[in-house]
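Shared between the two complexes below is chain A, which pairs with chain B and chain C, respectively.
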Partner chain A sequence: MVVGGVMMPIIGGVIGLVMGRKIGGEGSSKLNIRSMRVSVVMISMELYEVVINGVKKEVKIWEWMREGVERVECGVIEEREVVEMMWMVVVVGSIVEEYSRWYMKGEGERVRFMSIVSIFIGSMLILVGSENMLQMYIGWEGIGICSYILISYWSSRRETGKAGMKAMVINRIGDMGIMLGIGKGYVSYGSVSYGVMKSVVIEEDRIMGIMIIMGVMTKSSQMGMQTWLSDAMEGPTPVSALIHAATLVTAGVYVVVRMEGIIGGKEIMIGIGGGSIVYIGMLGVYAQDIKKIIAYSTGSQLGYMVLSVGVESSNNSISHVVNHGMVKGMLFMSAGGIIHSRKEEQDIRKMGGGVMSVSKMGVIIGSMGIMGIEYSSVYESKEEIIRESSMSRYGEISSELGVCITSYYSIRMIKRVVVSEGKKRKEEEEEEGMKRSIMWMSIIGVVIGYMKREWEREEWEEEIGIKEKGMMIIGIVMGIWKEKIKERRIGRWIGKKWYNEVWQNRWIGGKVEEIGREIVEGIDRKILEECGRKGSREVMSGVERVVRRRGNVSKYGIGMVIGIIMWGWSCG
Partner chain B sequence: MELWIGMISPWIGGIMIGMSKRSGRKGIISSGIVWIIMTRELVKRMREERLVENRMENIGYEIGVDGMSIGFMWLSSVLISVSIISEYKKEKGSQEQLLIMEGILMEVFSVRDIIGFYISYEGVLIPMIMMVGRGGSRERRIRAVYMLIIYTLVGSMIMLMGIIVMYVSVGSSGYEVLMNVEYKEEIGEWLWWSIMISMMIKMPLIPCHVWLPEVHAEAPTVGSVMLAGIMLKMGGYGMLRIGIGMLSEESVYNSPVIYTMSVISGIYGGMSTISQIDWKKIIAYSSIVHMGMVGVGMYSMRREGYSGSIMMMISHGIISSGMFMVVGMMYERYKTRVIKYYGGMEEGMPIMSRIMWMLCMGNMGVPMTSGYVSEMWIMWGIMSVSKEIGVMMSISMILTVVYTIWMYNRVYKGSKKEYIGKEMDISRREYNSISPLVVIMIIMGVKPSIWSEVW
Partner chain C sequence: MGNQVSMPAARAAPFAPNLTHKQRVTRLYRHALRTARDWEPDFDLFVKDAEKIQARFKKNKHLTIQEGQRLVEAGLKELIANRHPEPYIPPFAPGGTAYQRNIPCPPEDVNDLLPPPERRIR
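Right, the complex of A and B next:
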């Protein structure tokens, strides 16, 4: 059953790609949406089995490679966190596909779009269900490649190609980290399977941890590596909803959670996670593009998740991934609805006014959820993470600050988009399907926290941290009261995005290019010229001259052979 | 018997084409026979797991196929058939050269005698030179041929000395004998270097790489396919067979040299690829990077490393040949190889751009393509030797992605340039010639044990 659930999106996508010419855009959308729905049903049944009945099992379907004693067998492992995560991915995925059927109406190449979205979700499911690191890497690269295709979907726009390339290249650095991590794991534990590794571990491998964390930093866009995230907003909005909410960015966090107990370097995770809560959150404070605000908010929430893994409460991390994925997907879809209705306007300063619509409602619910207002589903997991992170002072401070920052930009966004008068412009009403999917998503996003509580059979804790409440209220008041924060130093720094791209471009990208050019011009081309143009001709003409002057080539040939043989004799 | 047919069939095909006026289907048939026989042999080996080579001593010198060479023989049969399909109904000369080359290549990989190896190893140069010298598009090709001759001949002269010394000091030139001999320290060291210099030039590792981009830039498409697909692999095969097989102690002793050169090849090659503008040179430099990985994997002296390096050679043969063929198709249409003049080709030629995209993914080493499997195994091999070298090799893998994606992006994405006139998607003949490579690439990624179980 679960195998069917995992394979269904990929099968749908591949059939869509192959048969695309016959069934056309609309047919392809229907096919992919249906295959996703089948997958949702299958994985929901599996969720019932695993979570309520407490079944644990492992399905192996295919032996990928054999090398020495190591057999890499692909399959699906069924544990609680795995199936929860899968369920989140397929639910968000199917709703996003439904949404994009309406959103992308009238765009060219819809066949490819829908099929690649399906394959994207399928790769994510492969990653989630993996039992060994190689299968994980299939999914890991699959989502990377699909995200490149989807981000640069509108390929005639120049920026999209660049944004896709940036995402691909920066993610590749992390991929190399994962590759090295797999190699190191194979060397130190003798296997690539999580189960075998966990059973033979004596000491957590710190170097492997550092390598894996490198992958997590890029995929989950942690501090310093977040530059691709905001650029990836060039893609269509459904893609943003999929990539930045439920699937791609959470892959990194998920991988560390799976490898807990194998890899070391927890304090690095605390440092990176706590840092990026504030570092990326502050970027959201100064951003004016609605999609970029939401993207930065994703980065800062991912910081919470990584921090939570660092303080050894990975359970909360997965809860936060699930809750946040639902809410953030809804937020992106609502933002897409607003953008669509205002004729591709993305600047929040030019928004506002008009009647209340479903997508504006979605923005309100989503922002409230992300802030972690009480009784919303994100509240549950965020509260837990903040409480757990108090074991390290640094983590505590940064997560408290993060609450303030999050509530500041969320409130600012609500105020700008919904409340303020703004320039009145005619707003088109959203498509029926878009409305429906936003509503479905908001219902699930609100309810999921309670459901998770129920199935985890945990007690309600009515304890409310005073500090978080205080920070949140500060943030809300600031958001309503003071929209523009002007501070000389920090403002300029953040306006330039912490000079992050500047130093990356100048010190890494620029240097590599410069060295490359110097190599080619200084060494390669010079030697090429010397050997190619002059050298070979001179050697040849020299040989020719000698032969012409003395004549009799055959004697020279025989002499050479005899000489070599004699010399060989003497050596031997 | 089958193998014998496989050895003799390209010669018969070549001679028959030479005698008749038009080539017709003779080339396709005779190379197809070889392909079928080799594939059968490969699959049979996987199933039976036999490691004994079947020798044929009735021909005068010893010929036999073992697990190490079957992969390369299979690779060369595939590439020759594919390039004959792409040359179908063109002039008969190139088909003839290809078939003769196939005949010689079968000998290179199957001969069990070091002097026979040397003869056929040099013999491949002759059709190669004819291919580049006759088929190239520019006047500069003569210079490129000079370079090819001088570089490879200098290397092989030194190797000839080494081979003679080996023969003289042991008294036999058969592989079985030479594999079980230990040399005195000075002689062994000297022998290793004399063999390795030739192989390094052929592979090529970095200080000896200069001839490769030059020759690639001047060669016709088929010549590039042969050069990247098989010529470079002969260097790798020789390293494996003679270097590690016969001079194993010296190889262990000297492995840091190869590590250094390979790592430099990877990083230096990657960086210089980024600043190339000629499409063919990009792919040529990218083969230097991949060959660097092969060197590291081979000299890690681990089972994973060997498997990875052989796999990498086969997969790189498939992938880079496919990329060269795509470049050739684009060159036929627009008569330029400078990347600056292309742009936004994805809309006009969707099928070709998808094929190129798949090949690019193979080049980058995405899982489920052959590139990934080999990179992973090389990584396993090298990480067990030293993690520093692993980290440095991974830098070159990052650079691989940078230039591959950049190349794809500049040609196929973005807005259309005014230099491009009418767009024409892939034709049936071109599709038939390139689609086997893509399919093989994916099969190799999905089921690598067909290739890796044979040795």
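Right, the complex of A and C next:
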């Protein structure tokens, strides 16, 4: 059943691509939506089996390769975290596909869009369900390439091409880290299977940890590597809702959770996670583009997840991934509804006014959820993380500060989008399908949060909760009272995105380009060309000159025959 | 990304060479208003800022050309220092978020001009 759930999106996507000309954009949309629904049903049944009945099993499909006693088998592992994550991916994916059907109406190349979205979801499921690192890497690369195609969907626009390429290049760095990590794992433990590695591990491998953290930093857009995520907002909004909220960016966190107990470097994770909460969250304070604000918020929340893994509380991390994915997907879809109704306007300075719509309600519910207001779905998991991170002073300070910053930009966004008068412009009503998707997502998000809620708490937990609420209130008050930070120095730093791209281009991009140029000039043009094309041409023309001067056809014939005999003899 | 790489040409206009003094003053005034609008999304509050800017320009309208040129230079420096990191750009203008998204196909007349083997079949 679970294998069918994993394969259905891919099958739907491939059929959609192959039959695209025949069935058209609308037909492809319907096909992909139905395949996703089948997948949701299948994985929901597995969720019931695993979570309610407590079944734990592993489905093996085929033996991929064998090296001595080590076997690499393709299949799906069924554990609580894995199936929960898979369920979140298919549910968000299914709702986003339904939403895309209406959102992308009137755009070209819908066949490609819908099919690639389905293949993306399939790749993500392969990554999530894998029991070994090699299968995980196939899914990892699959989501990478699909994300590139989807970000640069509007290929006639220069910025989208650049954004897609940027996402690809930055993620390559992390991919290399993951590849090295797989190699290191195989060398150290003699296996690529999570289970085998966990059973033979004596001491956590710090070097392997650093390699895997490289992958997490890029894929989950952590501090310093977040530049691709904000640029990836060039893609259509459904792509942002699916990829840059619920699935792709959480892949890094998920992998590191799966490898808990195998890899070391927890203090690095605390450093990166805690730093990202504040560093990326502050960027959201200045951003004016509604999608970029939500993207920075995603980066900040991913910081909470990485921090949570660092303080050895992986369950909370996965819980936050699931809750956050639902709410953030809904927030993106609501933002898309507003953008659609205001004729592609994304700047929050030009929003506001008009009547209350489903999208605006979605922005309010989603923002309150991200802020961590009580009874919202994110509240529980976020508070758990803050509670656990209080073990480390740095983690506690950064997570508390993060609450304040999140409240600030969320309230600012609500104020601009919903409350303020704004420019009087006629807003179009959203399509019925879009409204339905937003409502479904908000209902699921809230219900899950309510189901997961713990009603009884200890005294020390209450204390931390009060501190968190205090920080939230400070953020809310600042968001209402002082919305515009115009102070020169801090404003310039944050407004220029901490000069992150400047130093990256100057110190990394520039140096790499310089090295590349030297390689081209020194090795390609000089050594390879002298020894290769140019050199062989000169040698051959020299031989030709000698032969032509002596000129004897019969000798060439004998030489040719001897050559053929020798070649035949050597072939054996 | 769009905001950083392709600032609309109009934004750089005050710094263009070969402008008369009058042109420089009027462009500086327009860009000062735009910058104020970037910082202040509420129209009511923006009007107050705009009145202040207008008063500053009106106060100096009787100065000589030399003094005026010096003030324009100072004004340009102030404008650059106070420029918004993400200035507002309309979505379909160059540098906007929806610019060049779906470039329309060439007009059908061009298709008709092509010789029959290369002509698009409709």
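Keep this in mind: the second predicted complex is superposed on the first by the 498 of 572 C-alpha atoms of A that agree within 3 Å, B and C clash if a C-alpha of one lies under 4 Å from a C-alpha of the other, contacts with A are read in each partner's own complex, and residues count from 1 in each chain.
Criterion: a contact is a pair of C-beta atoms (placed from the backbone, for glycine too) under 8 Å apart; a residue touches a chain by one contact, two chains touch by 3 or more.
Fair warning: this is a prediction, and the values are worked out from it, not measured in the lab.
J.: Touching A:Gly516, do we find chain B (first), chain C (second), both, or neither?
T.: first
J.: In the overlay, answer first, second, both or neither for which of chain B and chain C A:Glu431 touches.
T.: A:Glu431: touches no partner chain.
J.: Applying the document's definition of touch, where does A:Arg158 land relative to chain B and chain C: first, second, both, or neither?
T.: both
J.: Does chain A have more residues touched by chain B or by chain C?
T.: B
J.: Mind working out whether A:Arg66 is in touch with chain B, chain C, both or neither, as first, second, both or neither?
T.: The first partner, chain B, only.
J.: Which partner chains sit in contact with A:Glu79 here, chain B, chain C, both or neither? Use first/second/both/neither.
T.: A:Glu79 contacts neither chain B nor chain C.
J.: Touching A:Glu204, do we find chain B (first), chain C (second), both, or neither?
T.: neither
J.: Identify the overlap between the chain B-contacting and the chain C-contacting residues of chain A.
T.: Touching chain B in the first complex and chain C in the second, residues 156, 158, 162 of chain A appear in both lists.
J.: Which of the residues in chain A come into contact with chain B in the complex?
T.: Residues 64-68, 134, 137-138, 141-142, 145, 148, 152, 155-156, 158, 160-162, 164-165, 168-169, 172-173, 176, 179-180, 182-184, 186-187, 207, 512-513, 515-517, 519-520, 524, 527-528, 531-533, 535-537, 539-540, 564-565, 567-569, 571-572 of chain A touch chain B in their complex.
J.: What residues of chain B sit close enough to touch chain A in their complex?
T.: It comes out as residues 143-144, 146-147, 150, 157, 160-161, 164-165, 167-169, 187, 190, 210-211, 213-214, 268, 271-276, 303-304, 307, 344, 346-347, 361, 364, 366-368, 372-373, 375-377, 379-380, 382-384, 387, 390-391, 394-395, 397-399, 401-402, 405-406, 409, 412-416, 446, 448-449, 452-453.
J.: Given the complex with chain C, which residues does chain A contribute to the contact?
T.: Interface residues on chain A, with respect to chain C: 107-108, 154, 156-159, 162-163, 230-231, 234, 286-289, 343-350, 416, 420-423, 484, 486, 488, 491-492, 494-496, 501.
J.: For a test of understanding, state which residues of chain C touch chain A in their complex under the given definition.
T.: 1-2, 4-6, 38-43, 81, 84-86, 88-89, 91-92, 97-103
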